[in-house]
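Notes follow the structure.
Each chain carries a letter (A, B and C) given by its place in the written order, and its residues are counted from 1.
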């Protein structure tokens, strides 16, 4: 055999042994699976609470109560301007001096929920204001109340416009659950990182990376479908 | 004769802009009042004050015996008795024609699903669209959309109907079908206030024509009198202008 | 109340932390100035390639974009920072951030720019070609300027995210703003430096957030 080829095969074997070490992977698989569970749990709670609060804020904003709206705009702007990791760190390392020590899970959940709330409020609000004024007038002229008009006439039209930007934003923010590793949260990345330092082998990181792809690729593919389906009519 | 609409000394300001400067308007049962006037004279604003889509700055409005400006009045309940048709139709694009008509029947009039559907179908039939119930607005022509909008209003059995330039957004060949429906309504005894430039319709169907300018009613009378022998110079020049088109 | 002030808004500690935090700001700005152009350039390449009708080009591109939409940037960063040394390749925090963000942002900027190019009517290229411009010239002088204009809000929004993302550098010991603040916090046992960092991010990025919210509202409202 040619000596270059021998070298290449040896190099390849070494690479596989280092990054795809079956023994190490098998050993830490349960840890990664546990981390995956934490990530899923966290992501689901963030999506539900973040989008839920965002919708509520947008509806409150529709009531057009001046001082309340200023407050909403201020909070939303603040949460859009701050990096999520800064918020997580502030809650986790800062709040204990104020007498409350949130866990890593709590800090991450709360931070990302707030961020998703802010972004989805903006998206819902843009959707609501994009519904033509005539729709409000027609509905109100038939005797529908403000709330009925909002729910039956305006929101269904607004939601159609918001669905694509909202899914994109939701994916981007729930991916941020990986930031929890900074505050000792045992999600996928945290479990993988400690496995790497325990085993002196990077294979658990590859496993962790694979776990993220398994979780998020389907979501991204569905999002792409949604995007095409609800594409803006130009 | 009983008056369905009694509006007195209506003033409306938009900020510094004085749009209605003391309008008095009474409309008798089954009367068809036609309102004309130059752009910006306050015609739409007057209509919108009658069902309180706009809040008048001062004055009094009574429709079908209900004090529209009293804070005690349930405005949503009152509005189902005042149908309104808009220049731009304003159908709900995410609902079928039938669902458009049914919404207020269910949510405001409190009808059950089956009854609301029967009433909605009857209303669509009256505007000649019995077979279009399952279509979305986007699948209907402008004339058909406007007729669905009329059905949406009449399904609630209003005491009076307000039309704000119902045919201005339509292609000329579609105007006839909408006017046809309005004529039918008139014959069935509906009280109507119509803002429009359709002079031939006014001549044929109106009991009274009102000419508005700069927030005031300048003159009013039977169509023939207003169109042939207007007393005011402003009326004359306005009618001259629209004749030329 | 006093306790809150002492722990979160402590003037003495803020003054002491100022030099460290200031160098952090500088590094955050440097990092941004490095990763934004890198991401834009890589994204532009992807967007132009995506105009190809060849499925052998389009398919891998789509996979690339979807891969990075699904992959958390922090995981990518840690993978490079902690994984590459096992191959005998030690890049250091700064370079890892640069590479990770270039990969990640290429996908996001690429999608935005592709949508922008798609939004320019075909007639524009035809008109440009009919006057004798080459296809590259038509792309550069006619299509791209319009494309960028059409997706400006999305480009800016993505750029805002990129700047915020530089805070991940703190995880791989790049002394940017958040890292500096945490360092100051851990030596003083006081949260004031982190509050400082938050205030600085807010002050730096708020104008962009406001601008974006205007542009987004207008974009949505215009789509009837």
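The rule is simple: contacts are C-beta pairs under 8 Å (C-beta built on N, C-alpha and C of every residue); 3 or more make two chains touch, one makes a residue touch a chain.
These numbers were taken from a predicted model, which means no experiment stands behind them.
Once subunit A is excluded from the assembly, the chains that remain, linked only through touching, form the groups B | C.
With centres computed from CA atoms alone, A is the chain lying nearest the middle of all the protein shown. Each chain gets a centre from the mean of its Cα atoms; the one farthest from the centre of subunit A is B. More inter-chain C-beta contacts link the pair A-C than the other of A-B and A-C. Subunit B and subunit C have CA centres that are 54 Å apart.
Subunit A and subunit B have Cα centroids separated by 49 Å.
Averaging Cα coordinates per chain places subunit A and subunit C 17 Å apart. Taken residue by residue, subunit A touches two or more other chains at 132, whereas all remaining positions touch fewer. For subunit C, residues touching at least two other chains: there are none. Touching subunit A in their complex are the following residues of subunit B: 51, 53, 76-80, 82-84, 86, 88, 90-94, 103-104, 107-109, 149, 152-153, 156. Taken together, the subunit A residues at the contact with subunit B in this complex read 132, 134-135, 137-145, 148, 152-153, 156-157, 160. Residues of subunit A touching subunit C in their complex: 15, 18-19, 77-78, 80-87, 89-90, 93-94, 97-98, 122, 125-127, 129-130, 132, 161, 171-172, 175-179, 181-182, 188-189, 193, 196, 201-202, 205-206, 208-209, 212-213, 215-217, 219-221, 223-224, 232-234. Subunit C contributes residues 3-4, 7-8, 66-67, 69-75, 78-79, 82-83, 86-87, 119, 160-161, 164-168, 170-171, 178, 182, 185, 190-191, 194-195, 197-198, 201-202, 204-206, 208-210, 212-213, 216-217, 220-221, 223-224 to its touches with subunit A in the complex.
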